[in-house]
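Presented sequentially are two complexes of chain A, the first with chain B as partner and the second with chain C.
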Partner chain A sequence: MPDTPLTGPGHVRLGSNSGQPLTRRDGFLKVTGAATFAADNRPAGLLHAVHAISTIARGRVRSLDVAAARAHPGVVEVITPANRPPLARDQDDKPTMFSWRVETLQDDRVRYAGQPIALVIAETLEAATEGAHLLAPGYAPEPARIGFEDGEAFEAETVGIGSPAAFVRGEVEAGLAGATVRVEFRVETPTQYHNAMEPHAIVAAWDGDRVTIDSPNQAIAMGQAAFAGFLGIPPENVTLRSPFIGGGFGSKAILSGPHVLAALAARMVGRPVKLVFRRDQMVGPVGHRGATRQRLRLGMDRDGHLTALDHEAVVMTSAFDDFLEPAANASQNIYATPALATRHGGVRVDLGTPGPMRAPGEASGSAALECAVDEAAVACGIDPLEFRLRNYAETDPATGRPYSSKALRECYAQGAERFGWAGRPLAPRRMRDGAGRLIGWGMGSALFPAPMFRAEARAVLRADGTALVETSAVDMGQGAWTALAQIAADGLGLPVERIEFRAGHSDHPDGGVAGGSGHTATAGSALFGAGADAVARLAELATGHPDSPLFGAGNAGVEARLGRLVHREDPGRHESYADILARAGIAELAGQAVGARDPAHARDRAMFSHGAVFAEVQVDPDLCQIRVSRLVGAFAAGRIINPHLARSQLNGGMIWGLSFALHEEALHDPRTGRSMNADLAGYHVPVNADVPSVEALLVHEDDPYVNPLGVKGVGEIGITGTVGAIANAVWHATGTRPRRFPIRIRDLLEA
Partner chain B sequence: MNLFEYIRPASLDEAVAAGSEPGAAYLAAGTNLLDLMKTGAARPARLVDVTRLPGLDRIELLADGGARIGAMVRNAELARDRGFARSYPAVAEALLSGASPQIRNAATLGGNLMQRTRCAYFFDPASNCGRRDPGAGCDARAGLNHAHAILGWSDACLATHPSDLCVALVALDASLEIVGPAGRRVIPLEELHRLPGDAPSRETALEAGELIVALRLPPEAAAVRAHSRYLKLRERTSFAFALVSAAAGLEIADGRIRRARLALGGVAAKPWRARAAEEALEGALAGPLAFAEAAALALADARPSGDNAYKIELARRLVLRALERAAAGTPERIPALPASVLADTGATAHA
Partner chain C sequence: MTYSFSLTVNGATRAVEIEDPRVTLLDLLRERLALTGTKKGCDRGQCGACTVLVDGRRVNACLILAVTLDGAEIETIEGVADGNRPHPVQEAFIAHDGFQCGFCTPGQIMSAIGLLREGETGEDRERIREGMSGNLCRCAAYAGITEAVAAAQRALAAGDRRRA
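After this line comes the complex of A and B, so read on.
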C-alpha cells in the first residue's frame, strides 16, 4: 500500500457527510442492550475465572491453600506460579514502546497490593470467587514503600512513551535572575485510576492452535500481536474482537497479566474461559495516573512578559517498571518565553505500574502550569487573560517551529465573550451571590498535541451501489462508529446510509490505536483514502469505456457525488456506481489506503489543538463546600467531523477536568499499600449535580498540514486547561491558592 | 462468594425463627449487605429476606399526631409521601440527601437504620478491624482517618455511622418497634446504635434474631415542622456520604425558642443528639448569640481521633448554619439540592 494517501486525482472531498451533527449510529444498540460488550459473550462450555490478588504490597507469597480451593464444588483448575503454563515470551520483554512488564504468576514475588497471585477457574463465577477466597494466602511481607517520602527516588531518563526527561532552551537561571517579578508555585496531584464504567474483561475460546478473544481493546492489531507473542502462536491465529468499549481512558490499550493468564488458562483447561475484573481488581494491574509533585518558577519583565519558565515534576512509578507521567512537558509548547526548562525525577513505590490516562502528563502538568500562570498574572497585577495574550506563542516555544494552525486567540476571545469575562475584578473575594456565597472566576489555556499514528483501511464498492468499509478502529464510546463512517462515506462519495461500516475486529486492516486523541485523524485518513482509491479505480473503468457518458473525460475530469461520477465540465454527463460496475461485470471493486502523516509536515510544523476554558465556582464562605456553577470552553481542533460528538467529547473532557480539580483521589493505606477506596462510592467522580452547566464552543480552524482531512483531535484536550481554570476560580473566590488536588473542603477551611 | 442459604419467610414468626440461627442475617434491599458480602467483610451463612413480609410497608399518620412507618418502606417512598414530608420536613430532606435515586428507590427504612459504618478498613477483610472481628484491633487508628469520629469514639474504634436519615430521626425522638425471639419491644432510636467503648463489635442494641418492624414518631415531633432543616457537608454536590451533617428543628414563638431539636451526623458511631445545646436554646431568643453558644456546646466534648481536627470546627460551623436555616423557616419545597449549603443555579438540578 502506498504510504502517502489521499491526494490522488481528487474525485472526492469531505463535506456532504462530514460536518453533520449525526447522533451515534450505535446509540440504538446501546440503549436497547443489543450492543455486545466483551463480557456479554458466552460461548458454549464457558468456564469462569477469578484472580486472587495480593493483600500485601511487597514480599513473597509463602503459601496458597490450593487443595482447599480445588476441593470447592465447581472449581476446575487453580493456576499458581507452580503450575502456570509457560509463556512464549518473557514477561519482561518489551517488543514495542507500548509494552509493559506484566504480572503473569512468573514467581512468588509480590510487587504491589492487588497483584494477581493465582487464577481460579470454575463452572460458575460464584465458585471461582469462593475458590479464590479459599486460597487464603500466607505471606512473607516486607515493608511497603508508599508515598513520596517512603519511595525510592531515581533519575529518570525518559518520561511518557519515550520522551526525554529533561529539556532546556535558553538560559533559565539568567532569565529568572533578570526578571522584575518572580513566582514560584508548588502543587501535588494524586494517584488516579481510570475507572471506566466497563470493567476489564476477556473471553478466550481456543480451537486447536487458534484462539478467539473478546476483550475491550483500544489498539486491536497491537493487542493481537501481543497476545500472539505471549501465547506463542502467529498473530493471524488470534482473532481479537472489540466492537464496543465502555470507556478505556488509556487503560485498555495495553494487555495486562490477567488477560494473558485467562487466555493461557483457556488453553490449559480446554474450554472457553471468561475473566471479568471486579472494580477493586482494576487497582493495580491495569495502570493508573501516577502522583506528581511539581514546582514551577516563572520570571516576568515589568510588562508581564515571561523571561523564563521552569517546570519540574517528581512523579511516581512502580518498583519494577517505568511509566513516568510527563507532567512538566505540558509547559513546552504554549507560552512564549526566551528561556524554557522542563525536567522530571522519578520515585519508585510499591504500587502497580502507572500508564497513560486521560491526557497523560498534559492533564497534571497543565493543572500546575495554569495555576502558576494565574499566580504570575496576579503578581504582575494583570488580568489572567491579558497575561496569556501578552505571552502568546506565535511559534512553538520548544522548537521554534511554526504551528500548523493555531486559533487560540479566537478561543480566548470567543470563550471570554460567551462566559462574560470582561469586568472581572482582579482581586479575590470580591464577588458574592445573593445568598452571600463567594463567587470566583478563573481561566486556563488548553493544549494537546495533534498526533497521527498509522492505520490502514479497505473500501469495497458493491454492485448494488452500496459499499463496505473496514478498519480495526475502536469505539470507546467517543463515537468512532459514527464519525469514522462519515469520513468513509465522503471518501466514497456516498451518503452514510449506503455504507456498511465494520470496525473493532482483528480481521480488518490495522486501524491503529484509539488513543492520544489521534484516532479520527489516523483511522479517518485511512478510510478516506481507501474510499478515494476505490473511486479512482471506478473512474478508470468509466472514463475508459466508450459506452459510458463519461468516456474520454480523463480520470481527473470526473468527481464523485452521492453514488454517481459526474463530469467536471459538463455536469449533465454522469453515471451511477452501480451502472459502471454492472457494465464492467464487476461485483466488487476494492480500494485501500494507509493513513499517516506527511513526514515533511511532521518535521516542519508544531501540531496542537488549542483551547481556553473559563470556570465559575461558588464557595460557601464558612463551610467551604465548592461547586463549579459554570464551565465554558472554546476549542480549536482543526476540522470538526461531527460537531455533536465533538462537543460531547469536549464536554466530557471538561468534566474530567472538574473531576481532577475537585474529586478524584486514590487512597492507599500508607502502611499496607492497599487501596482504601477501590469502588465508585469512595473514589469520587462528578455526578450530574456537580456539573450544572458545561458548554463547549467549536472555534473554526483550517489546517492544511496535519493531514489532508484537516482533522486534529478532541478527545483529551478538554481536561487540560479546565483543572487550572477551576483552581484559579477557587483562588478568585476565596483568596486561597490550592496546593494539592483534589481541592477539598478542609484545604479551604485550614488555609 | 461463599455458599449461603437464602430464605424467604412468609411470616414474621418464620422470619424471626430463621433469623435467630447462628450466622443468619436479615436481607432487606441489600444495598449495604451485598456490598459487604462482595468484599468479604460479611460472610453470612444464611440470608433471611424480609422484603416480602406482609404488613411492613405502610406509612401511617396516626390520629394522635404521631406516625408509624413500616421497616420495609423504601427510602424514596417515604421521602415522597406528602403528609409525612409536611410533618417531618427535615426527615424527608435527610432522606433525599442520601445516596442516589436508584439506591433510595431500593433501600428500606430498616436497612438504612441498620447500615454499617463506611470505615474503609471495616469494608476490607484484610484489614484489622475490631468492629468486624472482635479483638482484631483497629487499623484506622494510625491509618487513613480524616473522615472518622470526633465524638464518642474510643481507642478501640473511631468509626462513624453513615446514615443521614437517622440523624433527623434521632433529633425527633423516634423509637423502634422490634420483634425478636423474646417477643416485641419498643426502644428509643437513640439507644439503637452503641458507642464503641471497648466492644465495638456490639454495634447495636438488637439481640440475636431481633428484627426492626416499624419506626414511630411521637406527636411532638411535628411541633418543630415550621423550622426544620437538615444540612450535610460533602465532597461532592450529591451522592456522597456526609463529612458532617446536622438536623435542626425549632419551635419559635414571639422570637423565642420554645423547643429545640438538634442532632449531628458523621461525627460519631451513632447519630449524635446534642442535648446540652438544645437546653441552652430552649427559652433563648432565636438569634446569632444563642445559635453560636449552642454550636459551641454541641462540639464541647469533641476531640480529634486522628487526622480530623478540622471536622470539629467544620461541625461547629455547620450546626450554626443549620440553626440559622431552621430559624429562617422550613422551605416551601425541599430544595432541588436537598440538604446542600450550595445554591441551585437554576440550571439542571439533579440530586
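After this line comes the complex of A and C, so read on.
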C-alpha cells in the first residue's frame, strides 16, 4: 500500500471501510487487459459499421455513390436518408435531461462538418471503412458561420441544464460607481473537445424485440430509456451494459445519432453490429465545451473589499440546439460582495451542439474570474491571497444562505504553507531561476457545487455471511467500483472483502448519473441506505427471536459490526449475520433505498466543495516558452471515502486545468468550418513530460447537511482554481496579463 | 486472395490467414485473434493505447500492417502476468494508482515494460516522463504512472540481484 498522508485524521472512522486508501478493486482487470470496454465485445455473427461524415459545415448532401459502396466486397448494407428505417420518435425530441437533437440521417441537410451522413455495414472493419470512403459525397454547400463575428447572436433564456441566463443581487452599477478602484477584464476561451481515450462505441445485438447494447454510458437508466424511445420498444427490452468507461468527462452522458443508427442498423440487417467512432468522428456529434467571450467588472473600496462584481459571458452553441456554457455563474458563490450580477448571451455557429464537459461553466468561468480577481488584487496593491481572504464569503453571495460547510480558509492556509507562498514579491518579473528563466507564482480559488441527484440501490445479505449490492452506477475512472463498494460495506456493517458489488448494467436499480461530481454522494447514499435497510430487517429477526442473544434488545439497541449484530449496552451479547439467517431459515435478506438530498437542507444551505490552487511557472525570457513547474492544490470536499483515489481525481482535474491554460484548443477553418485538428497530434493535451510535480492536499471537512455520509465530490473542482492560478503565475513571471486561453508563446512575444 | 503467415503471440505460434492486406496488427489482435486487451484510441499512432512489443521493441500496433509481420514475435498485455500473479510493472501500476479509467493502461504498461528493457532511465523521473510521453492518459494519471515505472524498475533490479 503506498504512503498516503492525510492532512486530517477525520477521514477514517473506527471499524469503517470508508476513509481507507484502498487500491482499485478493478485494478487487476485493468492492468491485465481483462476489463471489457464496449468495443471489446464480439458477439457471434458480428458486422462492422463505419459512418461517413460530412466535409462541409452547412448545406445539403446532393449525391452519394451508394452503388460503389455496395459493390465493394464485404459490404452488406448502406444506410442513407433514402432507406433509413423509421424512428419511433422524432430525432428532435429530448427524451432525457441529457438529450440533444441528433442526426439520424433524417434528411439530406448538413448542419456541421463531421456530421454523420451515411452508415456502411460490412463483414469486416476494413470493408466498411472502404465502403464509406467510396460514397464520395457531392454537396450543395452554403457559407459556414464559425467565429463569434460570423455567428448569429441571440438572447439566451437558460444556460447549462435549465439555469436562468441572468442573475442580479444588489445594485451593481451603483457599486461600481462608488468604488475606489475599478477593474475591467476581458478574456476568451476556446472550443474544447472531451477526447476521452476510449472513442465512443456501441455493439448492438437483437434477439426478437429485445436488444443488448454495449456502450459506454454515464447514465445507464437514462440511456436505456433514450434508446428504447428511439427504437420503439419498452425500456425493459433494452439491456444496456457499461461496466467500464474509458473516460467520459460528460460526453458519454449523451446519446448521439450514430448510437441510435447502429442499433437501428443491427435490427435492419438481422445481425449484431459494432460501431466505433474514429477519433475525428468525435468532433461534432458527441458534444464539446463551447467557446466563450467573457467580461468582468469589479469594484473595490480603499481596503480591497468588493463593492460590486459583474460577470458577462457570450457563449457559442450550434445552429440547431442549445447548450450554453454557464460560464458567468462561476462568479455567484465565492466572493463576498454587496452587488452581484451575471448574465449570458448566445451565438449560433455551424458546429455540433456543445454539451457538458468536465466542470461545464465552472471551468471557463472560474478561469476568467480568478484572473480578474488577480488583476483586482494588483490594482489594490494587495497580495492575491490576502485579497481573497478580505473578500471571503461567510454566506453564499447569491442567496445569502449559510454554507453547509466551508473549509476554504484552511485550504488557503494549508496550500500556501505547502507551496511556500509567503514572501512572494507583489510586483511581476522579480524572480528568476539559475538558468535565467522568469519565475512566477499565481493562485486561484476553486469552487464546485456539491449536488445530489437520485439513485436507487439494493443490498442482499446472504447465508454465507457475504452480501451482494447492486446499483447501475458507473465507473469512468473516478473509482466507483472501489469507493462505492466501501460505502456499501459500511452500510451493511461488513468488511469490504465480503461485498460482491455489481454495477454498470441496466438490470440493476437505477444508479443515476455519473456526472456533476455527485455520483459518490448520490449512489453512495443509496447503497448505504440499502445496506442499513437490510441490517434493520436482520435486527428485527434477531431481537424478535427468543433463541437469539439479542432477544428483546429492540432495533435501536443493536449495531452492525463486521458481520455481527452487537448489543449496544452489553457488547458481550452478539450474533453473526449467518447465524441469524440460518436460524430464520432465510437464504437471502434484501434491503433497498433511494439516495437523494434532504429537501430541507437543500433549501436552507449552500453546498459547495472548495479549494485553493497555487502554481509556479517558468518562462523563457527570449522564447517565451511557458512551463508549469509546480502545482499545489488544497481541497475541502466533505468526507473523503478513499483518499488514494480522491487524490488521483484531484490531480487529474488540476492537470485538466493545466491543459486548459496552456494546451487545448479546437481550431476550425473559418472558410469551410472544418476542424483543423480533429486528432490527438493537433489537438494538444498534456503528455507525461508536460506534467510537473502536482500535489493535492485533502483538507478535513465535516458536513452534516449534504447527506448523512458527509460526502461532497472531487471529480471536477480540480480544474477550477488551476487555470487562473497558472495564468496569474504567467502574469507574475512576465508582467503580461493573458487575455485568451490557451496562453500561447505568441501572446507573450507580442505583448 | 488470402494472405497466410505466422507469428508468435505471447509465446504461442499463430497461423494467420487474412483475406485483406489492409488489416493492421491492432485489428488483427482485436478482431481476429480475440486479444482485445490492446486498445484503439486514435488508430493513427498518436495516443499509444495500442502499444505492444514487436521483437522486443515498443510499437504502435495501429501503424503496422499485419501481413508484414511474418515470423515476428509479438507481446501483448494478455501475456504479461504469470497467471494470477501480476508482473512487477502491473503491480506497481495498481499500487501507485497509475491509471483511472484503465483504457490507456495496457499500452502504458507495455510501453513501461519496453522502456525498462531499453534500460536508459533508471529511476530518473525526468527520463521516465520523457520515455513514457508516447502514451497519452486523458485522466492524467501521469504522477502515478511515473512513480509506478520507477517502483517497477526498483523491484525488477532487486529481483535481478536476488537471481544473481
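Simple rule for what comes next: the second predicted complex is superposed on the first by the 734 of 751 C-alpha atoms of A that agree within 3 Å, B and C clash if a C-alpha of one lies under 4 Å from a C-alpha of the other, contacts with A are read in each partner's own complex, and residues count from 1 in each chain.
Just so we're on the same page, a contact is a pair of C-beta atoms (placed from the backbone, for glycine too) under 8 Å apart; a residue touches a chain by one contact, two chains touch by 3 or more.
In this text the structure is predicted, and so the values were computed from the model without any measurement.
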{"item": "First (chain B), second (chain C), both or neither touched by A:Ala39", "value": "second"}
{"item": "Which of chain B and chain C A:Ala689 touches, first, second, both or neither", "value": "both"}
{"item": "Touching partner for A:Val31 - first (chain B), second (chain C), both, neither", "value": "second"}
{"item": "First (chain B), second (chain C), both or neither touched by A:His644", "value": "second"}
{"item": "Contacts of A:Gln618 with chain B and chain C, given as first, second, both or neither", "value": "first"}
{"item": "First (chain B), second (chain C), both or neither touched by A:Asn677", "value": "first"}
{"item": "Partner chain(s) touched by A:Arg746 [first = chain B, second = chain C, both, neither]", "value": "first"}
{"item": "Dominant contact partner of chain A by residue count, chain C or chain B", "value": "C"}
{"item": "Partner chain in contact with A:Glu126 - chain B first, chain C second, else both or neither", "value": "both"}
{"item": "Residues of chain A that lie at the interface with chain B and also at the interface with chain C", "value": "126, 129-130, 278, 679, 681, 686-690, 693"}
{"item": "Chain B-touching residues of chain A, taken from the complex the two chains share", "value": "55, 73, 126, 129-130, 133, 278, 280, 433, 435, 437, 618, 620, 622-625, 627, 629-630, 662-663, 667, 669-672, 674, 676-677, 679, 681-682, 684, 686-690, 692-693, 742, 744-746, 749-750"}
{"item": "Touching residues (chain side chain A, partner chain C) in the complex", "value": "1-2, 23-24, 26-37, 39-40, 42, 48, 124-127, 129-130, 195-199, 244-247, 249, 276, 278-279, 475-479, 644-645, 647-649, 651-652, 655-656, 659, 679-681, 685-691, 693-694"}
{"item": "Complex interface listing, chain B residues touching chain A", "value": "1-3, 35, 38-40, 100, 118, 120-121, 124, 126-127, 139, 142-144, 146, 233-241, 243, 310, 313-314, 317-318, 320-321, 337, 340-345, 347-351"}
{"item": "Of chain C, residues touching chain A in the complex", "value": "20, 22-23, 27, 30-31, 34-44, 46-47, 49, 76-78, 80-81, 86, 90, 93-97, 99-106, 109, 128-130, 132-147"}
